[in-house]
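Here it is, the structure, as structure tokens.
The chains carry the letters A, B, C and D, assigned in the order they are written, with residues numbered from 1 in each.
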Amino acid sequence: DPAIIFDLGGKFDKSFNEAGYNGAEKWAKETGGNYLEIELQSEAQREQALRRFAETGANPVITLGFAMSAALSEVAPDFPETTFVTNDGWSDAPNVLNVAFAEHEGSYLAGIMAAMASKSGTVGFVGGMDIPLIRKFGCGYAQGVLATNPDAKIISNMTGTTPTAWNDPVKGGELTKAQISQGADVIYAAAGGTGLGVLQTAADEGVLSIGVDSNQNYLHPGKVLTSMVKRVDVSVYEAMVEGENLKPGVRVMDLAHEGVGLAMDEHNAELVTDEMKAAVEEAKAKIIAGEITVHDYQSDDTCPVMKF
Amino acid sequence: MQKMPKWADVALIPLLNLLIAFVLSGLVILAIGENPIKALQTMITGALGSTYGWGYTLYYATNFIFTGLAVSIAFKAAMFNIGGEGQAMIGGLGVALVCLYIPFPHWSVALLFAMAGGAIFGAAWAFIPAYLQARRGSHVVITTIMFNFIAASLLNYVLVNVLRPQGEMNPQTAAFPEATHLPTLHEVLAPIGISFSKSAPVNVSLFVALAACVIVYLLMWRSRLGYEIRAFGLSQDASVYAGISPFKIIMVAMLLSGGLSGMMSINNTMGEAERLVLNSVEGAGFIGIAVALMGRNHPFGVLLAALLFGFLYQGGSELSLWTKIPRELVTVIQALVILFTGALDNMVRGPVERIFIRAAKRGAN
Amino acid sequence: MAEVTKGGQQATVAPAIELRGISKAFGPVQANKDISISVQPGTIHGIIGENGAGKSTLMSILYGFYKADEGQIFIHGKETQIPDSQAAIAAGIGMVFQHFKLVENFSVLENVILGVEDGAMLKPSLAKARKSLKSLAEEYELHVDPDMLIEDLGVGVQQRVEILKALYREADILILDEPTGVLTPAEADHLFRILNGLRDQGKTIILITHKLREIMEITDTVSVMRRGEMTATVKTKDTNPEHLAELMVGRKVLLRVDKVPAKPGKKVLEVENLRMVDDHGVERLKGISLNVRAGEILGIAGVSGNGQSQLLEVLGGYAKATGEIRVNDEPIDLTGKYSDGRSRRRRGIAHVPEDRQEHGLIMDFPAWQNVVFGYHHAPEYQKNKLLMDNAKILEVAQDKMDRFDVRPPNPLLEAKSFSGGNQQKIVVAREIERNPDLLLVGQPTRGVDIGAIEFIHKQIIALRDEGKAVLLVSVELEEILSLSDRIAVMFDGHIMGERLPDQTDERELGLMMAGVTQEGDAA
Amino acid sequence: MDFLTIIQIADSALRLATPLLLACLAGLFSERAGIFDIGLEGKILASAFFSAAVAAATGSVWLGLLAGVASSIAFSGVHGLASITFQGNQLISGVALNFFASGITILIGTAWFGLGGRTPSLSGGQRFSPVELPFANAVADVPILGPIYSDLLSGHTILVYVALLMVPLSWFVLYRTRFGLRLRAVGENPAAVDTAGVSVIRLRYAAMLIAGTLCGLAGVYLATGLAAGFVKEMSAGRGYIALAALIFARWRPWHALYATLLFGLLEAIANRYQNIDLGTFVIPVQFMQALPYILTVIILAGFGGTAVAPKAGGQPYVKER
């Protein structure tokens, strides 16, 4: 059987891990197979979970979150027979499939829509914690915004520095209010549970918000401009389908491979104008074609358009 | 004037308490439609059934011994140090700096320096609260709570902007050099022919922790300083009459407390992760409060309580690995254990005591 | 039904209080064993007994503070259940506890109405209480400022508040547990006048005390308790102090101190112009000058709260002050690094503090650890540079407790589980046995039974006869007069003057303590 | 910084202070009665969950409120059982309850809604909606006072006004009523209360009841007033901050208001001015996030003076050793 290891956020984090969970469930439903799973609770469990699952012959062992990188590099070599999958993480071990998502590209598109939907010319970004991954989201977003409206103003906030930063919708709401009072009328949330507070407050205050990771449009129909979906569900689903004979290596989940993208559905239909659609499609095409390169914060730990 | 034999006091009562706690936990498990017996088996075999299980149980216990001792020392001086969390974080920073920037010939030297680094940084983080308490009377509970938040911010900044290697996704330092690798129990025991799981993170820090228990015992119960700390904690007025300096005691107790919290990092940071990660402490500072209180603020009580929590942690991991029981159940079990062994103690003690006294009376006449 | 003859007239009435077969155990401690007494209405009944005899326990049971394991209580002839103090109050019982039950940071008024407020709102209750307090004050000359906070009142006044509490609750049975322990003779006399007044109104009073003088002076009947049992009940007029003392301790007790005349040597302690201001900025010592010679006892008399406590604190090293203090001609540091208790001890000053529970002992430490309290740095108690020699200390403790007849002689017991007198013996043993050059003693026999008093007095005299200097502070004029070789009277932070015990009397000292300057004294 | 911004920050401060204030007052009643309460965090969390859950299930926020308060009271009850009836260690009990809350809420939540402890987002009658104070719009244009009234004071959920009302109320109860007198007495010297013929036990349980209720309201406000639903661990340390505020306020109602408003204000400011760009470099966001706590310490040190806790605080009332 395959096994999946959810990160500390837990499989119901309404975003990243939950997407993975949905992929696994999809597979389970279709094939009727079942899979091993664990929601990590402590750092020391990372290695532990990998080993225990590998020992029991689970294959592939799918992990979510960049934080698994170190543990993978430790454990993978001890189980050459097993294929490990890391979403977001990285390991040079030969039996690891590295799935890399191009959040910056997805966020870039989100930025374009934000800029076009914004009447005030001021848009907001609320991140969970000031860590590289979140900067990657923010930086891509900012590039998209500025590409569309060079003199747009971007207000960026981080929620906190303790683990509760990801679970504080109240603070999320306050940050949103603060950004609105500074003129923001479209706000992109990349903050897990805290993001729910952002979307909620935006809806209450009558401004638009942009969800992240999973499709969160349905949370407030007609109030959520779109969601920058990260198809972890696809990655997990495919890995489970290929099962034993999954090939290690690198799999890039970018726009080209539909690994990231914007959620368009009935819930945000009337918010999305044709111009937006057009602009997004055009940018997407250009990015795929390489005519536009969205700077990836991770590549050099800098963001040309935004200070953190 | 013993109300009941010592063995009953130190063994029987706690066991009865534990029993109640586990029975209740069992009911909770039943309530969420799982099999408590199986769950208990999973926990016990998972945590104590193999050297592997022990390896993790002891690893967690090591953390809790340090933080537990830390809290208990402050308590003995009548101070409630809620700041173990922050002190441990900053201690980790100290350990990381030592390991990253000093080239070490051998792990033993590295360990000594890391211990110093962790202890000094941890103590430093306790210094301001201690000083403000001693000089300005600012309540140490507030200041240590605040310093937990401040520590989190500081660490977050340092790991994201200063110590994080370029291109590293995780807010964490580079891996420590090989020379600072602490031998795991496996590596320690293999030479003498005892085989111990090589994948368990328990390492020589365990021995440091055990040593710390003994040293703290000697300090608190055999040394002049310990005598003064305990006296001060029980009666400040009397201590002043006896010529004990409140300032000295408050500072010393808090610095020792912070130092011990900080030293925890040799286990989780240097021993396990071999790099400093953002949430390396993950609540051990708060668990320390429970451990200290349950251990009656006595080093050996702390040791036992720490083992118990190590067991709960490791047993809990196994639960979430092999059953569909959500990880939060473990938290609930911990809560019940703390509640019954710690706070509802007398619920059992009262009746038992009466039984013994009646027995004694009957014996008398 | 008992029959008493009082003031000539015959009376046959149900006893106001009758206890039958009361027993009470605290865990393994049998505090009261099958106790029965009955007290006639309109009389004052005294209860005496050694420390730990069970007096307070018995009365606390009557007042519903503790519940008896067995036994019945009859009030005015009819059986009454007293599960809690509320029931006791309802039955017309009031009690002044040995350790006051007052809320320190409440005003007198608030303390008085606590528990008997009428109505949910405070204002009316307070107003009403203020009025009746006035009238009570008139009636019994119990004057207190109703708005003062308890913590700002002297013990004497605090006790008045306790009595007022009882009267306000219209108690007709009043229990007083060692009321005079903390009072000056003047205050005590005042109290007795009040008690007599109450008796004449037909109220019934139970008085626990260690002072036979008071028993003889005011009670009609007296019971003696020993080791939790009621050993005797006699009419006061048919007995005498010596006999009572014997009943109480089980052996003959020497009630007066006998000592050889002092042979004063060189000055050990010299104090000049000592001034001290407390935390509230009040000047408590206003230029004290005195000296104590080797081989003499200087007694300091005074109403409590006139600076004696501060004087001891300064000399003992735990309060800062200005002026000059010399011990054996060496100046003592009053403000610097070495103005602490430890340095004082190093300089040969031992100190039996006024309050053994607040200062003298760590109540939660076992006796053996208390025996080195303050001297825990002394070389002989150390095993090596790092560790203390607990085995040795335990030995020393056992030995001291045997020689000082501390009961029970078990060094492993926590200090708090000893009765007051025995706690005091532990402190005295600790301080005297260091054989210091100068011994500071504050209220050495407060709340201590006569057996222990006799013993402690002997120890102090013995030390003085070894040629040590002793500074004795006590509110007990009797004690001052019988122990001291010289007497200084303190009032309002000044020394009013000095007297020799054989050339003065309680009257004169009393006047000086009240601040009345005598000719020839510079105040 | 223009006037409007000040209003907005003050507005945010008021919202952020409300849960702290309610929890702080809860702690105040508890500790004034001599029972330490570091279980505030847990009570807030439990109440937040049950209020949101029941509101979601029944569609009525008021039923949610009842459920939330009830759960918090239940927690207080256990705390009372441990620290009053069984004379246990009050700190341990508090710690245990905090653990229990963080576990049980998610456990039940998962079993109930299958959203991993989250409750569905609340909407309409499932949450408290803002109440406009009378003439809010009318006076809006009056300079200075207008905005203060219509933007700052008006437009909060009812619970905010309840919380503010609780301050004078608590003061009145504590200092003007028989109950208050006895409550304060029992926290200072239970023996005095006992010998005055009043039941220490009953008084302390009463205090627990009040504390439970107030803390419950704090949780309700978090989940159904500020946020729209429960998210695991959403109390996010506010219970501890409330505790700090309580000590800061030296166990006095009005000071509790000031202390919590201060915390709220500091947080609001930190939220509003998060990355201040000084051209050459940006003040690190982490610094701004730590600022409220740093300032708290500084202010506390500046104030000086020891905060004297109720004398009998923390020790169970034991008559017979």
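Operating definition for what follows: a contact is a pair of C-beta atoms (placed from the backbone, for glycine too) under 8 Å apart; a residue touches a chain by one contact, two chains touch by 3 or more.
In this text the structure is predicted, and so the values were computed from the model without any measurement.
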item	value
Chain pair whose interface holds the most contacting C-beta pairs	B-D
Centroid distance [mean C-alpha coordinates] between chain C and chain A, Å	76
Averaged-CA centre spacing for the pair chain D and chain C, given as whole angstrom	46
Separation of mean Cα positions, chain D and chain B [Å, integer]	29
Whole-Å gap separating chain A and chain D, where each centre is the average of the chain's CA atoms	34
Contacts with two or more other chains, residues of chain D listed in rising order	110, 117, 237, 286, 289-290
Interface hub residues of chain C, defined as touching at least two other chains	27, 417
Shared interface positions of chain A, touching two or more other chains	10, 130, 160-163
Those chain pairs that satisfy the touch definition	A-B, A-D, B-C, B-D, C-D
Touch list for chain D against partner chain A, complex	4-5, 8, 12, 15-16, 19, 110, 115-118, 121, 222, 226-229, 231-234, 236-237, 267-268, 271-272, 274-275, 277, 282, 285-286, 289-290
Residues of chain C that touch chain B when the two form their complex	27-29, 316-318, 340-345, 351, 353, 358-365, 369, 373-374, 376-377, 382, 386-388, 390, 413, 417
Sites on chain C touched by chain D in the complex	26-27, 63, 65-66, 84-90, 95, 97, 101-106, 110-111, 113-117, 119-123, 125, 165, 416-417
Residues of chain A defined as touching chain B within the complex	8, 10, 36, 38-39, 41-45, 47-49, 51-53, 66-67, 69-70, 78, 88-90, 129-133, 160-163, 298-301
Partner chain A, residues of chain B touching it in the complex	56, 59-60, 149, 152-153, 155-157, 160, 164, 166-172, 175, 199, 201, 268, 272-273, 275, 277-280, 282, 313, 316-317, 320-321, 326-327, 330
